[in-house]
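What follows is a set of structures to go through.
In the two complexes below, subunit A is the common chain; its partner is subunit B in one and subunit C in the other.
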Partner chain A sequence: MKFETSPIGDTIAAIRGAGRLNMVSASALRETVSEALSTGRTRIVVDFSGIDFVDSSGLGALIGCLKSARQAGGDLRIAQPTAQVTMVLQLSNLDRVLKSYNSTEEAYGE
Partner chain B sequence: MQMLLLRIVIVLTLALGINYVAWRWLFSLNFDAWWIALALVLAETYSLIDVCLFGLTMWRSRTRPLPPPPAEGATVDVLITSYNEPIEMVMDTALAAKAIRHPHNTWVLDDGSRPEMRAAAEAAGIGYITRGAEWDDQPRHAKAGNVNNALMQTAGEYILILDADQIPRPQILDNTLGYFTDDRVALVQTPQVFTNVPLTDPLGSQAPLFYGPIQQGKDGWNAAFFCGSNAVLRRDALMQLGITGYVEELDGSIWATLRTAARVLRRARTSDAAGQPAVQEALSAVSDAIAHARSRLKRGDHYAEITYDLQRQVDAAASSIVAGDLAGLQSDLAEIRELAAVASGDGGSSMDHFLDMETTVAALATRELSPLNALETVQAVLRAIDIDRADEAQPVMPLATISVTEDMATSMRLHGLGWKSVYHHETLADGLAPEDVGTMLTQRLRWAQGTMQVLLRENPLLQRRLAWPQRLMYFATMWSYLSGFAAIVYFAAPIVFLVFGILPVSTNAFDFFIRFIPFMVANQLLFLVAARGIPTWRGQQYSLALFPVWIEACRTAFNNVVLRIPLGFAVTPKTRPVSTGPQWHLIKTQIVVSAMLVVAILIGCVRLFVSGAEPIGTAVNIFWAVYDLVVLGILVTAARYTGHNPQESSTE
Partner chain C sequence: MTTGAEANVTTAGDRRQAVLGSLGLLANEPETMFDRVMAMAAGFFRMDRAAIVLAGRDTLVVKAQFGGDLARPEFSGSFTEAAIATRTLLVVDDASTDPRFARNSIVDDPNGVRLYVGIPLHAPGGEAIGAFAMSSTRTRPFGETERTQVRRIAAWLEEELASQKETTRAAEVQHALQPKASVKLPGYEVVGTSTPARAVDGDFFDWYSVPGSLGLTLADVMGKGVGAALVAATVRAVIHTSAGNSGVAATVRRAARLLELDLEDTDSFVTLFHAQRRQADGRLRYVYAGHGLTLVVRADGRSEQLAHANLPLGTGLEPDWQRHTVWLEEGDTLISFSDGVLDLFDGSLASLEEVADIVRYTKTAAEAVSVLTMMAEYAEDSDDVVVIAVRRKGRR
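And then the complex of A and B:
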């Protein structure tokens, strides 16, 4: 799976992927996020609208990216999760940590 | 049929054991010598519980049929963990791993980051993984950390973990992957067997009872253990473990740390400097922020949001104050860092780290802090609870890091999440065992320490998500490591009688033997039937003879978990040290005990023939002391052992 980054404003990077976020594609997500961070866009929002499946390796990568973003002084948020993704977030209790936003724009709409 | 016989013997042994020990407690204690009487009956009760747990283990012992063939296209990473083993040894294992038949990727996980290891692996076309910069100045968590690091850099559905000295056979994956067609199976453990050990096994390296009847017994209760090597794991299960662990860690630490921060803040606000308006404003802003965060937590808001907003507010408050007392601030911060550095010394969990943070804060709070410094301290605390787990190299730690034996803790947590484990009873790797008594003792100490750490940190009996038989299967192994204390009594009792004539049992010989002998016979019969012809004598000898090791393990694990003193953890050397003759100094305690037993026997004889001591009691105790000496005798062989020479053994 390929992830695409599109800028929002000056500091936000929206990252969009399509397909399955699993043990195979997890490293691609990590790379995409660290690339965005290195260009100074430390506020990341991952758009889940095109991701129809996530496994625990995918979640692991997401948490890893969250750590990188926070360490860079920014944050990582998620937007528009599909039903399967929402369910996995609930099952893993990760929904206690991460809030799902309705759109990438809303994620940092302060 | 075999099973029926086994169960009859189990019931018989337990009935006779309870009969004997109940009688001992109720009717046979010698109150005149209560100190040894009580010690002995406690030791006997310990042993009875041990036998009960063994009986429970054997009750559903299962021999599995061959698994189905592996699922089509299953992807596997073979991870070879290494720290400081010779390159040649690691490469032997790595090349054998590369030759495993089922498609897979092979990786050497080199925790020593040795350039020559990398070169050798790469020359052979084998993957090489080492820790990245994120691990600098963070707890490394030994082998668990090494594997967790590799899990983030590999992508196979299944993971075969091998120690650097476990040479896999080509069919290892073909014969184990099929179990995973049951999609609740998370772990398949195979035996650890050693090829560099003579038939007499002087160091007790082989564990045929464990990698056989005991694991098969635990398997019957869905509690077969992960033993660190020669096991295949499902990546998804491990990652799930890492993620639930991550959330649980946050659950615990966020609340507690907010409380601590509030406490430090209250102190700061009562100090003199808080009179300055700017400072007052900042402190009250932080106070509001903390209160707000707590109410949001109660409301069930998301941790990410709460911590993010909190950090922003605290940062804003801090920058609003013009740093007046920069010098004081610097020195306080240096102290915080120093304390934090000391705290993160030993590889505990990040909960440890957090608690250490609390100690740090408490220490600082007792000093006269300027409010600005206090604000910095509060910030430091708040950073520690951020959801990025700043105190760990990786926020997600799939393999448990609460113990130096990460394997047992990991499988217990997997079972807690409802996963199944499998024990596959077929040798699929050929290992190398330690070849000198010193290395062997280090290794046994490490296992015992790790097991005790798990008992103290995550007592299986209290794990509500485990079924009761599963809890007892984990507890049984931990219980067996308490044998050192019972062993002292079993050595002391005959000495006390033979030397002082004090008998801990107050009864006549008939009443004693009629209860004791049937129990003993049934007990030996149980071992015989359960072991199905496997030699168990060496194991029995070592479980008694290594009593100083077991006690030392209990002591150091207690100090580590409760008092936070580092274990003094040593990696087991995998190579034979240069021989310097028998290692008598390593078994000093046992030599002293043996000498005492010999002297006691002599004194006992004198008392029998000269002063007319009670003959039956003396005979029983001399027999007992001789048995103790025979058990300890293995250590003489062990101390003189200089390694396996295959030519010698082939002519034996």
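And then the complex of A and C:
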């Protein structure tokens, strides 16, 4: 899976992918996020509208990215998760730290 | 598997036999993965045949092959023997004119082997155990670049043959780690089962019983394979040790502390359900670390999903775990399971109701668990399925 990054403002990076977030694609997500962080975009939003499945390796990558973002003074949020993604986040209680929003704009529209 | 006969190792043949036996390679049926690799190798090097031939004491075993037999049953006088003896890449340009092989049954034929390329394969201990070999009915120069590639493939095959053994051994270890003693707790029935999707996995269940007390754990380590199984074994050991003296929350906190660095390094985490019954009443204390799949099905058929709020172990975020309590009355069943169970149904949360139904329509915890196990065994492409159930006996 390929991830694409679109800058929003000066500090936000919206990351979009399509397909399954699993052991295979997890490292690509990590690289994409750390690239964004290295350019000073520490507020990450991962757009899940095209990602129909996430497994435990995918969750591991998301948690790793969340920690990196927080260490850099930012955060990682999720936009438009599908039903499966929402369920996996709820079952693991990770929805408490990986917050979901209805759109990328809303994720940081505080 | 060691036998008394292997204690008396004298010749090179005996050593090979002993190494192959300990690697568990001789007993295996030819492997489809290695067969496919042989087909690719034959195509890549423009050869008619390719094979992995393992050498026992006196006989040859074809581990994988493409394009027909490249070995005769006896080790003595074989290409494989010669390849092992050369200790390096053996290239025979035209076997029909080579006195060592001209009378060999696979050479002595108008369409027999002419060009032969073989390289010894070694066990992790350095012992030669066989050869990767290819042959062609037509002779042609076999260049230096090709020779380098053959050496690379041989090195990869050696790693694969060794890791196959590791996987088998890890599965044995994991199997040995499962609780053997059944729990004898008057008035209760406790059952667990594990159906791994691969040889090893990161899911496990565990229980222990001491007079008047019961401890149980169901956990899922992120990822699959040997790495996940190793973390699982550690989690199990830490909880098992700690739970003898501490309550559920202290046990899980201790496990989290001890595992923190390991899990951080591997970007891994563990979801788990850990419960203990200490009082003689039906009180069950538990901690829920991101493992949201536990139900209580009451004697009257009502079912509820246990409340859960804490994060998995190893995320490095919000490192605290709270104790909760659930009461099991007579006829109530608590059932906890890995997310592989959801895939036995439609994969959604509606599957929880299906599991509750199975509990409702079976009379014992063992029956309910065996229904799920059977489904897991017949399911195609299923994830690891681990189930543990506790039923308080009584009216139902």
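Throughout what follows, the second predicted complex is superposed on the first by the 110 of 110 C-alpha atoms of A that agree within 3 Å, B and C clash if a C-alpha of one lies under 4 Å from a C-alpha of the other, contacts with A are read in each partner's own complex, and residues count from 1 in each chain.
In this section, contacts are C-beta pairs under 8 Å (C-beta built on N, C-alpha and C of every residue); 3 or more make two chains touch, one makes a residue touch a chain.
If you're wondering where the values come from, they're calculated on a predicted model, not measured in any experiment.
K.L.:
Does the subunit A-based superposition show subunit B and subunit C clashing or fitting?
P.N.:
When both complexes are placed onto subunit A, subunit B and subunit C end up clashing with one another.
K.L.:
After superposition on the shared chain, which partner residues are touched by A:24: those of subunit B (first), subunit C (second), both, or neither?
P.N.:
first
K.L.:
Have a look at where A:75 lands relative to subunit B and subunit C in the superposition and call it first, second, both or neither.
P.N.:
Only subunit B is touched by A:75; subunit C is not.
K.L.:
Pick one for A:84: touches subunit B only (first), subunit C only (second), both, or neither.
P.N.:
second
K.L.:
Look at A:15 in the shared chain and tell me whether it touches subunit B only, subunit C only, both, or neither; answer first, second, both or neither.
P.N.:
A:15 contacts neither subunit B nor subunit C.
K.L.:
Contact-wise, after the overlay, does A:99 reach subunit B, subunit C, both or neither (first, second, both, neither)?
P.N.:
In the superposed model, A:99 contacts subunit B only, not subunit C.
K.L.:
Determine, under the contact definition given at the top, whether A:67 touches first (subunit B), second (subunit C), both, or neither.
P.N.:
both
K.L.:
Check the residue A:46 against both partner chains and state whether it touches subunit B (first), subunit C (second), both, or neither.
P.N.:
Neither subunit B nor subunit C is touched by A:46.
K.L.:
Once the complexes are superposed, what residues of subunit A are shared between the subunit B interface and the subunit C interface?
P.N.:
Of subunit A, residues 23, 56-57, 59-60, 63-64, 66-67, 92-94, 96-97 contact subunit B in one complex and subunit C in the other.
K.L.:
Touching subunit B in the complex: which residues of subunit A?
P.N.:
Residues in contact with subunit B: 23-24, 26-27, 55-57, 59-60, 63-64, 66-67, 70-71, 75, 77, 92-99.
K.L.:
What residues on subunit B touch subunit A, complex-wise?
P.N.:
Touch residues, subunit B against subunit A: 152-153, 155-157, 235-236, 239-240, 242-244, 246-248, 250-251, 300-305, 308, 386-390, 394-396, 398.
K.L.:
Going by the contact rule set out above, which residues of subunit A touch subunit C in the complex?
P.N.:
It is residues 23, 56-57, 59-61, 63-64, 66-67, 83-84, 87-88, 90-94, 96-97 of subunit A that touch subunit C.
K.L.:
Taking the touch rule as given, give the residues of subunit C at its contact with subunit A in the complex, in rising order.
P.N.:
Spelled out, the residues of subunit C in touch with subunit A are 220, 222-224, 267-269, 271, 288, 290-293, 308-312, 315-318, 339, 347-349.
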